[in-house]
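What follows is a pair of complexes built around chain A, which joins chain B in one and chain C in the other.
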Partner chain A sequence: MMEFDLFREYGPALLRGLSVTIFCWIVGTACAMALGFVLALVQRGVSARPVQWILRAYVEFIRGTPFLVQLFVLYYGAPMLGLRLDAMPAGLLGLTIYGSPYFAEIFRAGLNAVPVGQIEAARAMGFAPATILRRIMIPVMLVSALPALVNFSIILTKETVILSMITVPEIMFETQTMMAETFAFAESTLVLALFFWVFVETISRIGRRLERRATHYLLDRS
Partner chain B sequence: MFSFQTIIDNLPVLAASARYTLLISGAGCFLGLIFGALICVAAVSRASAARAFAGVYVSFFRGVPLLIQLLLAFYLLPLVGVNVPALAAAIFTVGLCAAAYISEILRGALNAIPRGQAEAAMAVGLAPRDIWTRILLPQALKISMPALVNELILLVKASSLVTVVGIVEITRMSQAIASATYRPLEIYLTAAFLYLAINLVIAALGRNLERRLAW
Partner chain C sequence: MTLAPSLTGTVNPASARLENVCKFYGEFQALKDISLVIPPGKVTCLIGPSGSGKSTLLRCINFLEEYDRGGIWIDDRLIGYETVGGRRMGGRALREMRRDIGMVFQQFNLWPHMTALQNVAEGLERVKGIPRARAHEIASEALAKVGLGDKTGNHPSRLSGGQQQRVAIARAVAMQPRIMLFDEPTSALDPELVGEVLGVMKQLAAEGMTMVVVTHEMGFAAHVADRVVFMERGELVAQGSPAEIFQNPGDRRLAAFLQGYLERNSLEL
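Take a look at the complex of A and B:
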């Protein structure tokens, strides 16, 4: 029957897996956000047709294909083009690419919501474009974009388990190793499911709280 | 070198495996609609037990990654004496997971229906069941059509995860072909474009349907 003692024995490995999961999530989300922001700026600032087409094709392709297949292309396919990545960098790059169009969309909507009058006023007062972006557009944009940013970051926690399919040693991978060695399939999966349930619930609670606090602060200032 | 010949040779087999992708996402979406409507009714019901159940259900299926849900169904069901084929288990799991998201979509759409309609229906003596099946749910379905089409696209992509329980849909088939031909780049890219094609077709059909459903 169920043998939960295993978790004492495999505890260290699982904890290591958990730290890899959290690492991948934080780094992957941060990079995806950064790339998404750049994409949003390019989409807004560069009006050259070819650039817009390439951007459009990139967004359609990434949003229209499964994350798992993207990872396979990166990890197993890219070496044929001379891009040989270890599992972890491939996973992080995969998360970055996969998340970027969604973040770009969120940033685009947020930037569009910045009142044009504020930008024009800043320009009239002689602010440099970079200053307008940093001091006016980004703070105002964050107020409207924050809920969506938090929401998508939480969705990305669940995507990190897919990294186990390209042998990134995160928690799912460690659990599968444990299952293969002990045949405790059902209880391991059950514990993993419960763990993720609590993990994601906790993160979304914290996220919602942070979001409220941050928007209050920004709203007060603007 | 990039080998187009590999793609041409393997495209028919890969495209044929798309029927499992379509079956799992389509049947999953259909089950999701049925369960989702039930969960939605529970979520707005007056009975607090039903509301609590809906809350826990939605929180569980949205909190646990689908990959883990699939393994759970695969390993846990036989343990409690339920022996179903992997395909049925996969469709069922995808359906249960989709139900959590669809119930939230429908709940959002319900808010857009004027309260007076349900009250009027109650006033003329319709049973609660008729109010739901004849007045509220049909309109909620229509209002939420764009979100539901989007959900179907998400399911097509999510169906790639049933690879872990051994169903030979597009992703699993491309794995097999990639390891047989040593051409992972060409094969996985082909698989990616197959998914893209399916999703573009669904999106186009969805837009068409929306236009037809417009008031």
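Take a look at the complex of A and C:
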């Protein structure tokens, strides 16, 4: 017997959790992308050995450890070293750090795929490096990188549930509360799964639209 | 094409002077002590077998390729270094010099996310600081002059190779350069599209632009060039007027190169 009446009582809390999840995903993904982009630029533009070495160590460390472990380090470990973060800031910082090397790799590959000749044409005309990056390299890079960016952003939606482990009141956290108090496992987890499915589907639709818009000039339309 | 309106307005053509230019890729020496004078307002064609260093030399003139020894002067200003054998020139000074040097590439190198109009206007806006409305005006005039007045809204993917190359020429010319470099501008084109690009180049030459052209089009070199320079294996082997080079090739290697060219082209008939 499914008891969906329970949602009358737990609905508001779940909705709050839902909005926290969406908020964490948006902020976390945006910050991870920004940090990833900076990492890609540094990797491309700074050839100094120590910088490259630190960068590689960072990327390998982050990719080589589970997200949950990183969150625990930030939330439970860092206070011992003097960095005391509330659950929400720790969670957002965690998402940023966790996502950054993957985004960096996507941006690095995308920037490398910009045809050298298009950059040379701008250099030969006297464009400043920052202008070349902003006006030529980023728009051209986005076309090839967009599918991978959307894909990893979708992966990050599902990683947000791990924030419940450090008490961020997102949808997983609220669902667990409901389960503990009502034992309505089937109802609550079904709703949780349904929510993520709709969430991810929405993002991938938006992603496909973005891809179409970014690549419209490549299509041979009369 | 001679009836078309002036491409450039008034040009104040620059000269270029190369002295003992050397370029190394590791152990390999791509340019061996090249000295050459590019006279102002004239067309200089660089010919020679592939791998002879002619494109490398051309790319040294705007310092896209960094030469290692010697000096290259645009008018009387050294490009790339503060003094001969001295420190690298600052980025700002180099960019300022490059504004005077237009370049056209074998692969056109248009920016694919911009329309033809935006491709031409971009440099006017971002490098010269011309307001957008005025930049678009200049750009659409420049495109009209190369016969593409009806294609201003097309992205490069919707233009033929010949049209793309004409956009690229308009993009360079709109910046009002004082010297133009052409790196095999027709080599990537289908044979039937070569003529339209060479036509625009001839008009540019007639207007008194200083032009340095790396080309395999011997007809263009013979009929349009004022000076022809033959290179092989990184060396400048011979230079002279087209008549001197094509009708009376004294040098053995030059004679062999021209003979090979003639044989290939008669076989194609």
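Following the convention adopted for this analysis, the second predicted complex is superposed on the first by the 215 of 222 C-alpha atoms of A that agree within 3 Å, B and C clash if a C-alpha of one lies under 4 Å from a C-alpha of the other, contacts with A are read in each partner's own complex, and residues count from 1 in each chain.
By our rule, contacts are C-beta pairs under 8 Å (C-beta built on N, C-alpha and C of every residue); 3 or more make two chains touch, one makes a residue touch a chain.
Bear in mind the structure is a predicted one, so any value in this text is a computation, not a measurement.
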Checklist entry - Looking at the combined model built on chain A, do chain B and chain C fit side by side or clash? => result fit
Checklist outcome for this item: In this superposition, the partner of chain A with more touched residues, chain B or chain C, is B
Checklist entry - Of the two partner chains, chain B (first) and chain C (second), which one does A:80 touch, if any: first, second, both, or neither? => result first
Checklist entry - What angle, rounded to a multiple of 10°, is defined by the Cα centres of chain B, chain A and chain C, with the middle one as vertex? => result 110
Checklist entry - Looking at the overlay, what does A:200 touch: chain B (first), chain C (second), both, or neither? => result first
Next on the checklist: Looking at A:131, would you say it contacts chain B, chain C, both, or neither? Reply first, second, both or neither.
Outcome noted: second
Checklist entry - Just chain B (first), just chain C (second), both, or neither: which does A:41 touch? => result neither
Checklist entry - Thinking of the overlay built on chain A, is A:118 touched by chain B (first), by chain C (second), by both, or by neither? => result second
Checklist entry - Is A:22 in contact with chain B, with chain C, with both, or with neither (first, second, both, neither)? => result neither
Item to check | Distance of closest approach, chain C and chain B, by C-alpha atoms in Å | outcome: 29
Checklist outcome for this item: chain C contacts chain A in the complex at 62, 64, 91, 95-96, 98-99, 101-103, 105, 107, 109-113, 122-123, 126-127, 155, 157-158, 168, 171-172, 175
Item to check | Residues of chain B that touch chain A when the two form their complex | outcome: 2, 59-60, 62-69, 71-72, 75-76, 79, 153, 156-161, 163-164, 170-171, 174-175, 178, 183-186, 188-189, 191-193, 195-196, 199-200
Checklist entry - In the complex of these two chains, what residues of chain A are touching chain B? => result 60-61, 64-70, 72-73, 76-78, 80-81, 158-159, 161-162, 164-165, 172, 185-186, 189-190, 192-193, 196-197, 199-201
Item to check | Touching residues on chain A, where the partner in the complex is chain C | outcome: 115, 117-118, 120-129, 131, 135-136, 139-140, 143, 217-220
